[in-house]
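Okay, handing you the structure first.
Note that the chains are named A, B, C and D in the order they appear, and that numbering of residues resets to 1 at the start of each chain.
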Amino acid sequence: MKVGVRNIGHVAVVDLAGKITIGEGDVVLREKVNELFDGGQQHVLLNLEKVSYMDSAGIGELVACYKRAKEKGGTVKLLNPSGKVFDLLQLTKLEEVFETYRDEKEALVSF
Amino acid sequence: MKVGVRNIGHVAVVDLAGKITIGEGDVVLREKVNELFDGGQQHVLLNLEKVSYMDSAGIGELVACYKRAKEKGGTVKLLNPSGKVFDLLQLTKLEEVFETYRDEKEALVSF
Amino acid sequence: MASSTSLRLVLSSEVRLIDLIHQSAEKVAQLAGFDEDEALNIGLAVREGAINAIVHGNRSDPNLEVNITLRASDEGFSAHITDEGEGFDPDAAPDPTEEDNLLATSGRGMLLMRAFVDDIVYSRREARGMEVTMTKRRTTG
Amino acid sequence: MASSTSLRLVLSSEVRLIDLIHQSAEKVAQLAGFDEDEALNIGLAVREGAINAIVHGNRSDPNLEVNITLRASDEGFSAHITDEGEGFDPDAAPDPTEEDNLLATSGRGMLLMRAFVDDIVYSRREARGMEVTMTKRRTTG
């Protein structure tokens, strides 16, 4: 998985591309988000547009990010989950947990 | 493997992309070249620029094309074999058999 | 298509082999006549079953083997996965979609498996470990 | 890296499974520390050995099995391929690079295998069929 960060105002937009799966994507996601929190960032928007799919480990890592944000008094929100990723969020009922946006600007002002 | 044909003057340039391997690329190559010969074409330039690799079946099919051209009084030449494909032509000594060009225009006027 | 194509994978219990398993299952599902999207989902179900066999069953001990048989037939796709672990009771696993479990960072593997194949049968092996069989029927017509 | 990662594939003799074998060998070669380009070549050598086992050994009879064991260790990569065919004498195969053979449409598989791995050992199996072992050492330093 590829990962890039854009800092827009007080929000870090994390652009993910590839699959969030065990032993690879999940580790990349964890490290990047930890780095942001450790650097004092509190508002993280995970851009899932280019994530093709996730496995249970990847989904678990999304939840771990969410919880870590809470601990630090911050928030993690989701942007543009694609077909399969969206289905998985529904299936696992995590759509009830995550605030999810279709439009980046709308997501940015929500923080 | 993907295949496209450009007719330039009396030469058919066959643009191949992908791998020429057993049961897939070799069949595509065979069918396309047979179609050209059956349609009366005699001069075929196989553009290998976007062929990533071949296996022994794919290499055998190149030779089969060459022989079929001969039978029909025609010719098959090669354009721009890439790194790995070039190595395989060397290894199998087929570079001695095939006229090979780096420049399409030069190849076209050679027929 | 031959009446039955089979591919068996026997591997040392290492998570880094999981993508190969996924790809293999996806390919065999395609050979069974499923389209790309269905095949990816079937691959995902096998992936989850294999992760469980490697991680929970064999506790990622590379000296223990996981055995995966993938089969494409006229009826559809099947996968049979065995490990050499302690075994477990699948009915005892908590439902990850219950309110209280939504923030758990694991426990969603079997949910994914159930979502993407038609049947899953778990049983304890006579010797040691678990045995999981998944099938996905081809709905022709 | 664990001292040895192994993946065994047991398959019905069908050419359409060959890409999976190639990908598996490529991946295991990468786990053994070879770079992408070397791994592709090693995969190609295994591919050729597997094609021979399927096509020449088992004559593409899907009821006969081909067995491929791929191994990544600190020393490098190895593949062991068996079939259930008649067996053959590898030294009797003509050299495809000889003038007279250049226009043959087959007979280059073993040449490719030799080009991309360090050692190849052929033997007849006690029961039936051939057994081929290829190794590629990692040149560290």
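Basically, a residue touches a chain if its C-beta (ideal position, glycine included) is under 8 Å from a C-beta of that chain, and two chains touch if they have at least 3 such contacts.
Computed from a prediction, not measured in an experiment: that's the story for all the values here.
Looking at chain B and chain C, the chains that touch each of them are D.
For the pair chain A and chain D, chains touching both partners: C. Between the CA-based centres of chain A and chain B the separation comes to 47 Å, rounded to the whole angstrom.
Distance from the chain C centre to the chain D centre is 28 Å, each centre being the mean of its Cα atoms. Each of residues 16, 19 in chain D touches at least two other chains.
Residues of chain A in contact with two or more other chains: none. This structure has the following touching chain pairs: A-C, B-D, C-D.
Interface residues of chain D facing chain C in the complex, by the touch rule stated above, are 2, 4-12, 14, 16-17, 19-20, 23-24, 27, 31, 62. Across the complex, chain D is touched by residues 21-23, 53, 55-57, 59-61, 63-64, 66-67, 84, 88, 91-94, 96-97 of chain B. Interface residues of chain D facing chain B in the complex, by the touch rule stated above, are 15-16, 18-19, 37, 40, 44, 47-48, 51, 96-97, 102-109, 111-112, 115.
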